[in-house]
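Read the structure below first, then the notes.
Per-chain residue numbering starts at 1, and chain names A, B, C, D, E and F are given in the order in which the chains are listed.
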Amino acid sequence: MRFGILINEGPYQHQASDSAYLFTKAALEEGHEVPRIFFYMDGVNNATRLQEPQQDDRNIVRRWSQLAETHGIDLVVCVAAALRRGIKDEVLAPGFRISGLGQLVEIGIQADRLVTFGD
Amino acid sequence: MRFGILINEGPYQHQASDSAYLFTKAALEEGHEVPRIFFYMDGVNNATRLQEPQQDDRNIVRRWSQLAETHGIDLVVCVAAALRRGIKDEVLAPGFRISGLGQLVEIGIQADRLVTFGD
Amino acid sequence: MLHTVNKSPMQTNDLASCLAHLGDGRLLLIEDGVYGAIAGTGAAKQLAAPASEGRVYVLGPDLEARGVDQSTVADGVQVVDYNGFVRLVAEHGPHQAWV
Amino acid sequence: MLHTVNKSPMQTNDLASCLAHLGDGRLLLIEDGVYGAIAGTGAAKQLAAPASEGRVYVLGPDLEARGVDQSTVADGVQVVDYNGFVRLVAEHGPHQAWV
Amino acid sequence: MSDEFEDDFPGEVKRFMFVNRKAPHGTIYALESLEVVLISAAFDQDVSLAFLDDGVFQLRKGQNANVLEMKNFAPTYRALEGYDIEKLYVERESLEERGMTTDDLVVPVEVVDRARMTALMAEQEVVMSF
Amino acid sequence: MSDEFEDDFPGEVKRFMFVNRKAPHGTIYALESLEVVLISAAFDQDVSLAFLDDGVFQLRKGQNANVLEMKNFAPTYRALEGYDIEKLYVERESLEERGMTTDDLVVPVEVVDRARMTALMAEQEVVMSF
């Protein structure tokens, strides 16, 4: 099956990003495809390459970049939500791109399942 | 009186930043001092100068910078929370500085009232 | 002590918990918490006792933003603006946010 | 339909609302929602009916993170891991998050 | 993305439901739900909006978020009809618990009871919850 | 900051209370509360911690957040005594509603009823809620 993932909260503050990551890894393990993850609202804060968590903590942004590279996942950040929060091309981590909300509706149509993680 | 303000949520997602701003403006109008506002957890996302909200929306970050300049408010961003979320000196808006949690405890001691805005 | 509640009483237990710990303190409803001030709702009944003693307030701008007319606010609940919020903290602080 | 609830039933009305709209769907408790699966609590009673029909699940890693032993989970509630979460969405989707 | 991923898109129509359960203004969820609804109209999908729990407050008349320097987006619900989005379902029990009637709403809606809302949700292919 | 603002700091001791009402791990609030508590110890303040509502889950034994790749901070509560932070108040009603007793907690605490918790809150000079 093809899974689309929607993430509505930023990293660290809520568990949403963590749950979405562990779900996505498991979906890939189970042999499914995850063509696209869409980052909306505070979810766009998952996309900054400036993040520098403590040594003993997980690096949520890097996990996304690595997962995307290994599995060819399209990490799309909502442009309006991103501009409002200061997420721009100049701070974007590898694997992320900024685009419109149409990319969310499109994956809703194309995927067999859309799974939402928020607060 | 001297008011300290603590903000625990980022701009736009929750009303906390808006409420804190309108409260701070009113406190100054009422003749009180607001020596310091401390930005903790997702609150650190109030401090990025890269933000670019839509024309017809409020610019939350710029409001803070202007208020700080006019009234000499010390806008302090928690360093550990900021690093984790990619808020660094290179993206800091005018009037903000990055420092430790001690600055929060200190304003708790020095202010007559500490007022918290979160989710 | 000035307590603030910023969540709708239909969505979270924050108002209920705050009221259970209000003692002789003051309560100000802000943000989505202002829905708790609408007369006739279950929340309004919960806060009737402290309201009758003049210890419950609601933030007017948050009511207006949400289309809740001041005439529908429960008996005894006093509407204040942000300057009133500041005065409440000054007079009745410390502040405890039931976030 | 696979429903997920990620909030504690003592803090928000999300579990109650989800159960009121569950119909013949499946429910998976995740994140802070897993506290709803502890036997003997008010929440566990609310979900006893669909649980007895094998339609309620709880995410094991979220239980373990919170120190809730699987032996304390209410009767009929099935513990799954993330792979099980994926299979539930695949078999019983679409997904509705009661966020 | 593979070509296959691009090619099977045109013409497909799915049943999308936007489930709105949060009050407006306290969080951005209500506003951002409306943004996705508007975009989904451009994709010619079969779109429904469900308002239940505190989500019914989103449709309340007389809102003026400008007093908070925030966007006043409630009038936008009236524009949905122009985008052929006409399925707005409001749950009767949620309205009643909040002392509201359809007279309090900014836009005509279909009021449904909880059982009907449950059935409508179960019919969907894509659900986005805000 | 004015000199006056700096000068009246040394030696002042206030009653600080950290009010913990949220479950751990679902949000970062519990972890970040603990961080401020640790810093406040360095400032020699009169520090109390209150655990009520879902905040009592923060002290639950057997937590292992590593399974989620997250920090497992529950053991840190046991280190508070080393910083002379000894006033940990847990509300009896909150424990009971969750089917818990002090045997379920990682650290010795003082269990207080709701009336006593209310009185303790009212005695504070600075309250931080997480």
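We adopt the following convention: contacts are C-beta pairs under 8 Å (C-beta built on N, C-alpha and C of every residue); 3 or more make two chains touch, one makes a residue touch a chain.
These numbers were taken from a predicted model, which means no experiment stands behind them.
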If you check the contacts of chain B and chain C, which chains show up for both? E, F
Measuring centre to centre, with centres taken as mean CA positions, what chain is farthest from chain A? C
When all chain pairs are ranked by how many C-beta pairs they have in contact, which pair ranks first? A-B
Report back the single chain whose CA centre is most distant from the CA centre of chain D. B
Whole-Å gap between the CA centroids of chain D and chain F: 29
In angstrom, rounded to a whole number, how far apart do the mean CA points of chain C and chain D lie? 33
Interface hub residues of chain E, defined as touching at least two other chains: 25-28, 53, 68, 70, 126-127, 129-130
Give me the residues of chain B that touch two or more other chains. 8, 12-13, 15, 22, 41, 57, 80, 114, 116, 118-119
Counting only residues that touch at least 2 other chains, which ones in chain D make the list? 6, 10-11, 13, 31-32, 61, 94-95, 97, 99
Any two chains that touch count here, so list every such pair. A-B, A-D, A-E, A-F, B-C, B-E, B-F, C-D, C-E, C-F, D-E, D-F
Within the complex, chain C is touched by chain E residues 22-27, 53-54, 57, 60-65, 67-68, 70, 74, 97-99
Quick one: in the complex, what on chain D touches chain A? 6, 30-32, 61, 81-83, 85-87, 89-90, 93-95, 97, 99
The residues of chain B that touch chain F in their complex are 2, 6, 8, 35-36, 40-41, 74, 80-81, 100-102, 104-106, 108-110, 114, 116, 118
Write out the stretch or stretches of chain A touching chain B in their complex. 9-13, 41-42, 45, 48-54, 57, 61, 80, 83-88, 90-91
Touching residues of chain E toward chain A in the complex: what are they? 1, 5, 8-9, 12, 14, 16, 28-29, 32, 35-36, 39-40, 42-43, 45, 126-130
